[in-house]
Amino acid sequence: MKTYKIYCAGSFIETDTPHQVINPYTREVFARTWLAGPEELEQAITSGKQAEKAMKALPSHKRHQILMEISEGIRYRRRDLAISLARQSGKPLKFALGEIDRAVQGFLIAAEESKRLPREYLSIDWTPKGEDMEGLVRPFPVGLIAGISPFNFPMNLAVHKIAPALASGNPIILKPARSTPLSVLELAEIIDQTDLPAGALSVLPMDREAGNQMVTDQRIRMLSFTGSPSVGWKMKQQAGKKKVALELGGNAGVVVSSSADIEDAVNKCIVGGFAYSGQVCIHAQRIYVQEEVFEEFTNRFIEKAKKLRKGDPLNDDTDISVLIDQHEANRVEQWVNEAVEQGARILTGGQKTGGYYEPTVLTGTKPEMKVCSLEIFGPVVTLEPFGNFSQAVDKVNNSNYGLQAGVFTNNLQEVNMAYEELEVGGVMINHVPTFRVDHMPYGGVKDSGFGREGIKYSIREMMEPKLLIKNKDF
Amino acid sequence: MKTYKIYCAGSFIETDTPHQVINPYTREVFARTWLAGPEELEQAITSGKQAEKAMKALPSHKRHQILMEISEGIRYRRRDLAISLARQSGKPLKFALGEIDRAVQGFLIAAEESKRLPREYLSIDWTPKGEDMEGLVRPFPVGLIAGISPFNFPMNLAVHKIAPALASGNPIILKPARSTPLSVLELAEIIDQTDLPAGALSVLPMDREAGNQMVTDQRIRMLSFTGSPSVGWKMKQQAGKKKVALELGGNAGVVVSSSADIEDAVNKCIVGGFAYSGQVCIHAQRIYVQEEVFEEFTNRFIEKAKKLRKGDPLNDDTDISVLIDQHEANRVEQWVNEAVEQGARILTGGQKTGGYYEPTVLTGTKPEMKVCSLEIFGPVVTLEPFGNFSQAVDKVNNSNYGLQAGVFTNNLQEVNMAYEELEVGGVMINHVPTFRVDHMPYGGVKDSGFGREGIKYSIREMMEPKLLIKNKDF
Amino acid sequence: MKTYKIYCAGSFIETDTPHQVINPYTREVFARTWLAGPEELEQAITSGKQAEKAMKALPSHKRHQILMEISEGIRYRRRDLAISLARQSGKPLKFALGEIDRAVQGFLIAAEESKRLPREYLSIDWTPKGEDMEGLVRPFPVGLIAGISPFNFPMNLAVHKIAPALASGNPIILKPARSTPLSVLELAEIIDQTDLPAGALSVLPMDREAGNQMVTDQRIRMLSFTGSPSVGWKMKQQAGKKKVALELGGNAGVVVSSSADIEDAVNKCIVGGFAYSGQVCIHAQRIYVQEEVFEEFTNRFIEKAKKLRKGDPLNDDTDISVLIDQHEANRVEQWVNEAVEQGARILTGGQKTGGYYEPTVLTGTKPEMKVCSLEIFGPVVTLEPFGNFSQAVDKVNNSNYGLQAGVFTNNLQEVNMAYEELEVGGVMINHVPTFRVDHMPYGGVKDSGFGREGIKYSIREMMEPKLLIKNKDF
Amino acid sequence: MKTYKIYCAGSFIETDTPHQVINPYTREVFARTWLAGPEELEQAITSGKQAEKAMKALPSHKRHQILMEISEGIRYRRRDLAISLARQSGKPLKFALGEIDRAVQGFLIAAEESKRLPREYLSIDWTPKGEDMEGLVRPFPVGLIAGISPFNFPMNLAVHKIAPALASGNPIILKPARSTPLSVLELAEIIDQTDLPAGALSVLPMDREAGNQMVTDQRIRMLSFTGSPSVGWKMKQQAGKKKVALELGGNAGVVVSSSADIEDAVNKCIVGGFAYSGQVCIHAQRIYVQEEVFEEFTNRFIEKAKKLRKGDPLNDDTDISVLIDQHEANRVEQWVNEAVEQGARILTGGQKTGGYYEPTVLTGTKPEMKVCSLEIFGPVVTLEPFGNFSQAVDKVNNSNYGLQAGVFTNNLQEVNMAYEELEVGGVMINHVPTFRVDHMPYGGVKDSGFGREGIKYSIREMMEPKLLIKNKDF
């Protein structure tokens, strides 16, 4: 069985705590790694702090070179990385390949942005007091960063921590999810081959004690977390003086106006609703369709949902596979059943087979049902009709969350209203909320998050501007 | 009779060439001023060159203060300035007041932008060669500027030369149109009260010789011209090493889609088509209406065109008055008659009374008729139907000009197509091409111009970036 | 005796808790106001939440107009406001006038910046997935803000909360210091005359219970605090999901290189060291002078420190007056005495007379003494020699704080080293750390703060970017 | 003998006019190519115009990919390209390799910038008139471009036309110098392998008739010329309505202050003065050294100048070789001799051997001598002392040219004065005027040029902003 040493302070090591990695489709242990405890974390922090100076001193051509080498390294190992990813996470191979491609992009963007850090050159002479003075603002790296990434994008959501950290000249300790730690360790192998200053990166699956300690340790200057809302908001409280970025979940809404291209809307909603069994922060969970086209949309949508191919994630043509573990499959089943008991109707799906839960479409739901109000994180979509566009906006906004929303329309007024009124971080016109490219600002409002990611935006968060004012004349 | 001395090198002077100013409505001489000849131009150039240093040295709080005082000075004299403007130009008072308000805005924007000149702070270390170096780019004033402004916006188009020139730290010589020189001379009185360095502004109505000389003189570093295409493009050729900005004319098109709010479109097209008798660079000359709504649009448009109140520009409720002179009225009449001979039909208007030409709507025109292909600069509009949107875009593009275009639609696809395909400097959605606010980038493509105006954009044109590279470490 | 009603939800009201305002120089109560309790806070929050919509909807010309009217209103009442400020705070009149002038500037800048909110227009097509799509990012107001301002700049540090809040379209509740609440209430009178939507501003001196409640209330979306580090960092922990900006204190360092203009350095250090008795966050507390010029600097500095005119803050020529209260004077005395016991020498000053503490210069100090390591917030300066420039940088950095630093030098290498190495938010070349203009980014690193202020920068913090992605072609 | 077909409208072709390429060191014909005449130019223009649409339509990921492939293609053929370049131009191999590396960079930067075209998203509601409206500005390709590049950087100065043209979505016709046409033809081979739309690039060495025609043809929308001032300024006059960018020459000055690191200054001045025998637009021609260090600088400079290794450009260790042709060598000799006759002294050099002219240092020159006032374009440097820094600035400014200047100093006041007062496009602190990295803004003032190059800046020049204004609310 393959073993993966963890990457601590620039070395691949083993610890006293072995950790098994399970293939959720076969339910077999297929790899072994180790968990870091407080001792290894301490090493990682110490070496991270020591690396701050060398990281800060890297000229931009050097940062660029390192990040380009990583991007190319990932591209070179593309298929292997995708297979490993699929095996850990149960993510169908075609989506796993897409995720690896995004990691390639992520480091490419980081390489480019590392040369374009936001600088300002300011007039200071707006008052007589500042006459003959001028100012510069250059961002400096904030210092050692801790990143925490979830299971559902084992590679790409770690890339969204590591790439901007390195681009901004910061060391980073990355804690991957325990169920899917291998992709980032494979990434660490690639990074280890570059000229990155020693100790600037650690990738540590952690035991609980180390995990907690990392959140509170004051030597760490920033915490970037992607995961569940409850955990995230608590971390903000415990983080002390450090900066915090939270990318949490949601129950994203989609609005389909009667002016839209229905075929296009259906196709995209199928992907947004069922890709990776809905285990996606911006999963298209709640779809609102204008009455005039509700029946048409619904029929087509159900038809396509039924055609999704179930199977082994390692097959090239699998569309949908098992959930990450049995516990999750049970939870999804329970939420759907509860909804049905409260009056919802199942249009398709609703069956669980082991860890697999069918693509499921509900209608007749009420906003307070769990399938509507909480993050389902499963292959479940609610379909509801609406009358006028303004009502649809209200329905989407009737949520504690606000990550992204999708709006299918060809009506300019509706575009404007959607952008003005939807309480979310991003509005996608003629696309699902699930749309994301890696250089766009990404993040939620309300309970869905704090701050913005997206390589360029993370880089800004990971830097501290320093002002220089000087006399320009004598 | 009131006399207006001209403003030469910081003094109000008389010359050997008196000049009469005529009220085009009454056809009476109502004021006297003087024309500058080569001698006065030489004085203005000499003092302008001397003022370059003092202008460059003004701290931004001082530039701001001067420009704010001008803005407030204009506001304070608002009504008097509007009456004077209306009297020179025949522009109805309500539009004259609007023009003065825009002048207030123009200097306000210039005041604000004078503190926000575009500066850059650059990483130089993108290659090993530039390691440990960094760069700054600050814009420096280009030097003495010549501005030439036309009769149709006697105040505001001069403001678009003077305000950015002062904001960018440049002296300027402004040559107003001979028919409407008084507004800028009144503005000079206001500016003369401020702390502007002596000799930094001259306002000189000129004889032909001085005018030509100003174009070719190499001490002048930039020429900013608003006027007719034929004159403008010739100046570009004669300008030698200096920079040139040309704001020329056009035969702006409007597209009204069946998805539009027709009432709104009609109302705006009435203003765009007939305000100041169409003597506007971005006059809505050619209106294309989708077949389904052509009749409705046409009926409403004609009805409103007929209701426009004709009269003395000094009356508060006059909508439309005489053209700038008899020659122009004759020319407009001739072009319309020629179109009719070639098959066009007059839906309303078509009559000339002295210098007044009725609001006129033509249909059945052909693209090669003068009323379509040239700039009519009169109260004449052509109305033609179109089938699909793409054809309307082609019709608008079938022109040597490309200043602005208006598109009334509520269809997102049409918005996108209009923006991608229309060959113009600006596309106005649900507005006429005549729309302009003073801080937006303004200017044409094809034969309509060269470069962009709009206070912030003019300021950039009037400055020369200078790079500083220095070592940042040792 | 003059009474000042507090400004709650758009009305001037009294409460059950009267509050006396004392002139620290005469020690007399000279005015009365009231403290808000939980009930008034609830009203302010309720009306603030209701005003969110109206504030968001203000077009920029309206925001600009309101803010300009406030700026002009302050300018109009300049001298009265300064006298009131001086009377509450003991701040000598000439500095009080300067503070009012800065408030005029603050609202002017806010007016200008309200028209220039940071927007982005993004290419989305960096990958095939985003082909034919484009993105917009517009900032939206974050929602109701709570501002807490300290006693030492009773007007201007409140302006740094209120002006950016209004400019960014947010309602705000401002809690001034209890000892100096009147200036902001006077400001509220000015603001009350404008068209600001009802209930968008409350100015509430508060009792402890209301104060605590404001920090934790989740309807408030952002907390902007200026005050002491211990209070500030605790608030960050209690703030829940809201954004937090902290502007805390420091023990700012100054470095005087032998290449500097010593006379200039002395003059500026006198102001930076003793203005308002050092009760300034960026008070020049620790001055390090290169050995070659240490004696010369010290002699001149002491000479000038001795000449500072003590007296009633309301006298035009008073340079220095009493501290804010007796408790503070005692504390300063105690810290100095403790330093002397531990080996420091007093070069001038060291005497307390009632609430007045003399301008005091110490040498022979050690970094761990309170006068060095903590924020003295009194008219006390330490003067110490250094050998080479790099050592001086280390001395300044040997602190838990990092707000601003001043460096007097004419040596380019030293400028570079200072900017690269000093651990502060801002480095002032040939100026004291006390330098601040209101549009520059301002804020500290280490224990000195979290985030940046300065009108434009605060506005950014007070807004939430929302992304719109749309197809650009069809 | 190797033959190089020319690249016309996407095909490698021969014409009726063969053209021989000479190795200036051996004086032998070593390759053959062809000259395009009016007929081939017509083909190139026609296909260029046709390619405008396809170029405009390329999504940014596609532009990025094409440009990255070109960059990598150049890197792959690095040594071969450098040898070919050295053979045509007589440029020593080490400099030729550096030039190829810059070409790699140029396309890399262009790839990156093609994704970051400058876009604006504007508030329009600064006045009531613009309420509820917003604006976008996207740059559109200007259309077919003509580039003319000189002999001295056969590859890199062509890259500065081609790379930004492609990055901005424009077709381009490139006319290389007749003496060094091969490098760009080799580049065309690389580009031909990519997915660039057919006919978007032509590389045509031209006969005189075609060359003239290209300047005046109105289908070409922009002319970007690098070459001699007299030719350039005349083109501006003949260019009609098209945009013009001129990168011309100069007689760049260097100032060495007594505060500078003399050794560093000498080393850099040797490179700036003699690299490629001074056949560089930003050749360090006039060196002014402060009196206190004049002797020291002069001695070291002469010593190093004497050590430069003369030889075959194809040898790895050759520092200096022949001029581009005999005519040039004769001209340089004549200018130096004329200077000596008028009183200048030769400190080293002054001898011609065939096409080789020795590294030559003159002193005792007068500003009006050709070696001072004109662009020498040869390995000749004048060394003169100065008293105070302000005088040195005047000496540098005493020129018709203003490209770049170098200033060696460690004095902050001198840095400020240099930046404020030097009349040039770029000031290099502690570096020679010869310093250039390919992403910096580059270009001259006075007679040295018109506009700015440097990939990002050229891209801006090659695009036309188009404004979209739309209502944002209904």
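Just so it is clear, A, B, C and D label the chains in written order, and each chain counts residues from 1 on its own.
FYI, a contact is a pair of C-beta atoms (placed from the backbone, for glycine too) under 8 Å apart; a residue touches a chain by one contact, two chains touch by 3 or more.
It should be emphasised that the depicted structure is a prediction, and the values quoted were computed from it without experimental measurement.
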item	value
Mutual neighbours - chains that touch subunit C and subunit D alike	A, B
Chain located farthest away, centre of subunit A as origin (C-alpha)	B
Chain pair with the higher count of C-beta pairs in contact (B-C, A-B)	A-B
Between subunit B and subunit C, centroid-to-centroid distance (C-alpha), Å	45
Inter-centroid spacing, subunit C versus subunit A (mean Cα positions, whole Å)	37
Length of the line joining the C-alpha centres of subunit A and subunit B, rounded to whole Å	50
Sites on subunit A at which at least two other chains make contact	115-116, 120, 122, 126-127, 130, 136-138, 412-413, 415, 419, 429, 470-471
Subunit C partner contacts - residues on subunit B that touch it in the complex	112, 115-116, 412-413, 416-417, 419-420, 470-474
Contacting residues of subunit B [partner subunit D, same complex]	101, 105, 109, 120, 122, 124, 126-127, 129-130, 133, 135-138, 233, 236-237, 240-241, 243, 415, 419, 424-431, 435, 437-442, 445, 447, 450, 452, 464-471
Partner subunit C, residues of subunit D touching it in the complex	59-61, 64, 115-117, 119-123, 125-128, 130-132, 136-138, 409-413, 415, 429
